[in-house]
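By letter and in written order, the chains are A, B, C, D, E and F; residue numbering begins at 1 in each of them.
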């Protein structure tokens, strides 16, 4: 039988933080008790991380597309949420947090022993919370990661292709990478620090987005037709809900209601603010007008960048992660994309890929042992290793999955459907 | 004097769950202590259940009406929220959770001893939380139930009639039915399982909605004029906030921050996802295009259906409650309504009535004693009894209250007001 | 070295409440332990108070302006959120909650010992929560207060002027006033009761708003051009999120997960409802049509008015604070403004100034020692004193800061920019 | 050929379109306009401000038709759009020199 | 009868409407158009993409009037809408063959 | 002078505007209309209700031009807007009596 405590210790974001906080847990086998306060915070965190995706991400993205494609974006986000829920329950959680028979295999994948959540009972405890809550919390991470990718191929991909690709990607890319970092896999062993998912969630989604948009090709009329965001009020609301929900994402990754959760929340706030201001100032200087799209994008860039670092750095460190992230992502979205010529519709790579990499690397630099003893062993080298492995794996496997999807359903809508708008063409609906 | 502990034990959703969890409470009279963790979760649950109604339900519904009626819908939801708050404090809580002088009466109605919240002090405890919090939590349920009904008569009922009818309905229908199930009334004694309000909230509102829309008659032009939803982005946001808030509704009904809350949250997620996918797939197969309205409606259908079962079933059971609920509600909204010819504008009966009944019955089948000892006595018979009693009572009394309202204020706006739109005609405002 | 416990005791909203609740704390120096339940509720409160500003306030305000200025409003709110975050971390928290060298100075200002959050460690505790959490919670109050002001000068102030003025105002007005009331300053000593910020937040912002709109002059075409709210659905969502978030604001000001938090939440709900109904009824009687704008404004008026009283009064008291607040604010927005002729675009003074004053005064009348022992010493005199001091200080200093801003950046956009709309003129964007 | 411009009440659009189809009209354009006329607008009040909105929403229908069709078409519109209350709208007829079907380059009546 | 089409800057609408009422005009139609002319549009930049928006929002006013009213009306419009800056707009006059008031079936000048 | 009214498919707007600029057109008005013609609309289904939406979104372009420019302009529009599929749209030409540039009070061809 699997040992619930060992599983619990392996199965978590903010792992090192917790080992530091509860050293005793690592040594004894006494069943840990449930703490109602910790559980309350994790229930709340779960709710607000779900809110990041629906409606948060849906609004953030749908405000940026043209009016004829807005419902398609909302529906993709919502359908991914539903599909990942069922897949996570059936197999995703097991692949990420189950225990493979051999230790060699377990370094890479978590096994199929926990399919349909087998083995979880009313007494199962992860850390100091019921395992049901831990499953739910992790599920919300599994939901948002594929949903992030849709920004890269918005306004041109078939709905059937989206569903097929995302289902495969969850099981073949997300779940294993999640296992490597949080499920006791080889990246955790290598000392890669990722408090709340900079690598697992953001670099992962950012790179996948880049691959998809390159393989799909640009939108019709890209570069000549005006594709300005149709309603940035939606994007404002989306960015705001992402920000608020990110407290659950980052402070929730402490898996406890304690000082680590507190500093993680504060760092999240400071980095988001720093990056938002940085993007705004750069735009103000360069383009003479600070834009709403700019400051909102900047905030998200900062949130992405602080994700791996939230429970490891001090607030000043958070500021120094946020500001460069805002500038780097501005550069990526405004210049790199133009130079390289790919059409990453809503800058998934520019914000999540680049912001995630900036954050992952700076975590190695700014980790402060006074905040979290686990930060002591932080090294830039380990961080680079973690980033590199993820980029390569995701890049390659995403390509393969897209080829499979293309063979089965095709990837792009027809020219006429693209012209008409995906809302009407694919869903028979329009926004008035 | 009434015994606060006994009241507390009677006065609660998820009652059986709690009796199982704290058996000691049932035997001793020692004042239970407040648990800060449980209280934290219940404060949070209260906040997000309120968020289900404002703005959640307001957005869900207002996106589905025509542009000329959108503010009327928002305003009805908001005004009901305000009015029920005051009525609940004055009399509703007392009727639902007070103690009638005689036990015979108490089976049906809770008495008037707690009007204006008399008897609640800073020391009053319900379960392990301050009674103030319990009052607030229950208030949010009392708010959303009448608000759900407005979807059935949207776009044609007088605002004054809405207010009068809703005030009466709260006191004469909602509060007593709430007492029957959660306040120690006869349905609880009969072994009817309703974890978080499938009967009290959803069947109740669904049946009332059906009665109102039939008595009011159809909207002008129904069947010939295009009444397509004017902005499904609003409906998307509304459905998403309902989903998130439902965690407070269902997991909050554990009245504790524990494994029951955890499994209730997970079940909620799984059932919503299953029903959303089911509705989407049926639509895809039947109509060739999966619509945003469809998947959003499906999710709500699943949330409704899992409500009575959330703390009694395992996740696989939740999936098997969600999927049929999605299909049944699709059928009700797309076919049953057409066949019978009533104009339930936004399918309150089709989703809440039908979904509620599906959920109530399947709770009797899927209740798993390994999850919750209280599920042991589950029986389809008791569930059918509970549904039948509620349908009949609500159906009859709602009819009477509508006749009273009609006599006092009239029910429908004039043809010209309906044509012009209720926003301008009743509130002097329009959305640009 | 400063004593962390004494600081904690001084440094808090709902101060008196806590002194009453934990009398022991005031006498011993034993380090208080962290309570995970209290911490969970404060983490949650922080998240939902941030949600009040982004997106809540942004939506509430942007729905009320004309379509050409909607993004400018959103962006101001968002940029203030980011800027205040950084300023609060650098100096604001220190000014408000630091300890000045001399006691004489400390009555007025908190000193610069805590700049860059110096001195806060992973062991720092405020009350029963990590100090990081307390810093974050307070930060969300510091964010919303200046953001409230923008409603007064909406549709005509330069974005650069907004940023400069707000940065100054935070440090020179907000932080000191916060210190006076919650940081151990002279208003606390004088027995002024302000549970959650009626004076610090609402009167402060309301008066500042009045000063700005008078100094800026009216919008072009004020009184002849139709400036009706362009989309009250946004305002509905904003008001609803303000309402929900206010639970964190008021119940969070208990800095604990207990009966005080419970009664504060219930009072918040009742007062909001009472004021919403009051405004609606007045409008219905006077103008024959109850408007969405009216009931939404009324709810906010009630929320403002209950803020200073939330943890001191009983629910009936809350109702008697809400109802007059709704009526008084209706009068201020609909008549006083007209009579005096200033153009407070979105009635910041009419709702927050007037509502705040009504609430502050009525707190002195309705404070109930059975709810909170700290209410025993409540006196109308002390309340008037608190209001007067704040009005004068804010009025004078805001004027000075505006003159400084005017000299450095100018205050108003050009006539042509105002005509064209601030979205396009200042940010190069439009809502389609 | 003639251009017929009709301004009608919005809720009459569907009925008028059907009447026109019956009358043999095969093509037309519809747009939203704000009308100003005898029919008065409404008053908006919000937070003390009071404005008269002079404009009333109307629908404009435009049809280019052969000369001999004009009367039938005008009658079809007038007959269907009439409610007898102020604000029913107007029909205007203008002369058209030329019509071209873009797809086929047909000209004149053939292009309609 | 004549159809007068005026394209003006949006913020001049209310003033022009008042001037027209003063000049005795009792009915008109207003619609929103995008204008293209000497007045140049603006540039939109977002995340590296840069587009010139050539069109400028304008308001089109249409009035059908008796022949002898046309000059007065055109003068009233031009006088009120003029700012002297590029983009003030145009007035076009077309001939109208027939006008019908739907409500009463009145024809010609009586229908206006 | 003539008024040229062209109804085209929305996605052709930018191309047509460029062709017109090349053809020397210096001013025009663009508005959105709902077109009804041979090209059929689509069916909307929601929760059991089924409606045929008869109207198709179109763009109307209006240009007032000197008489001798009309053919070139019409050709430029037709040539650019043609896809060969049903629904490409129409061009109508009407006579214009007078044109005034509001800014300068210029009249006739000078006002264009």
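Keep in mind that, in the parts below, a contact is a pair of C-beta atoms (placed from the backbone, for glycine too) under 8 Å apart; a residue touches a chain by one contact, two chains touch by 3 or more.
All values derive from a computational prediction rather than experimental measurement.
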Completion exercise
Neighbour overlap between chain C and chain E returns A, D
Exercise for the section: Using the contact definition stated above, find the chains touching both chain E and chain F. Expected result: A, D
Practice task
Kindly point out which of C-D, B-F or B-D repeats the C-E interface, defined as over half of the contact pairs being the same residue numbers.
Solution key: B-D
Completion exercise
Comparing which residue numbers chain B and chain C contribute to their contact, where sharing over half means same and under half means different, the two sides are different
Problem - C-D or B-D - the one linked by more C-beta pairs in contact - result: C-D
Practice task
Averaging only over C-alpha atoms, locate the centres of chain A and chain F and give their separation in whole Å.
Solution key: 47
Fill in the blank from the handout: Taking each chain's centre as the mean of its CA atoms, chain D sits from chain F at a distance in Å of 18
Handout entry: Interchain centroid distance [CA atoms averaged], chain A/chain E, Å
Key = 53
Handout entry: Of all residues in chain B, the ones touching two or more other chains
Key = 35-38, 40-41, 44, 48, 228-229, 237, 257, 287, 291, 293, 428-429
Completion exercise
Touching at least 2 other chains, the residues of chain D are 31, 44-46, 94-95
Practice task
Examine which chains touch each other and state the graph shape they make (line, ring, star, complete, other).
Solution key: other
Handout entry: Full enumeration of touching chain pairs
Key = A-B, A-C, A-E, A-F, B-C, B-D, B-F, C-D, C-E, D-E, D-F, E-F
Problem - Interfacial residue positions of chain B with respect to chain C in the complex - result: 34-41, 43-44, 46-48, 50-51, 54-55, 58-59, 62, 70-71, 74-75, 78-79, 81-83, 85-86, 89, 116-117, 121-123, 129-133, 135-136, 139, 159, 234, 237, 257, 426-429, 431-432
Completion exercise
In the complex, chain A touches chain C at residues 35-38, 40-41, 44, 48, 67, 228-233, 236-237, 239-241, 243-244, 247-248, 251, 256-263, 265-266, 269-270, 272-274, 276-277, 280, 287, 289-293, 295-296, 299, 315-316, 319, 370-371
Problem - Touching residues on chain A, where the partner in the complex is chain F - result: 224-225, 419, 424, 428-429
Practice task
Show which residues of chain D lie in contact with chain C when the two form their complex.
Solution key: 44-49, 51, 53
Handout entry: Touch list for chain F against partner chain E, complex
Key = 3, 17, 26-31, 64, 94-103, 105, 111-112
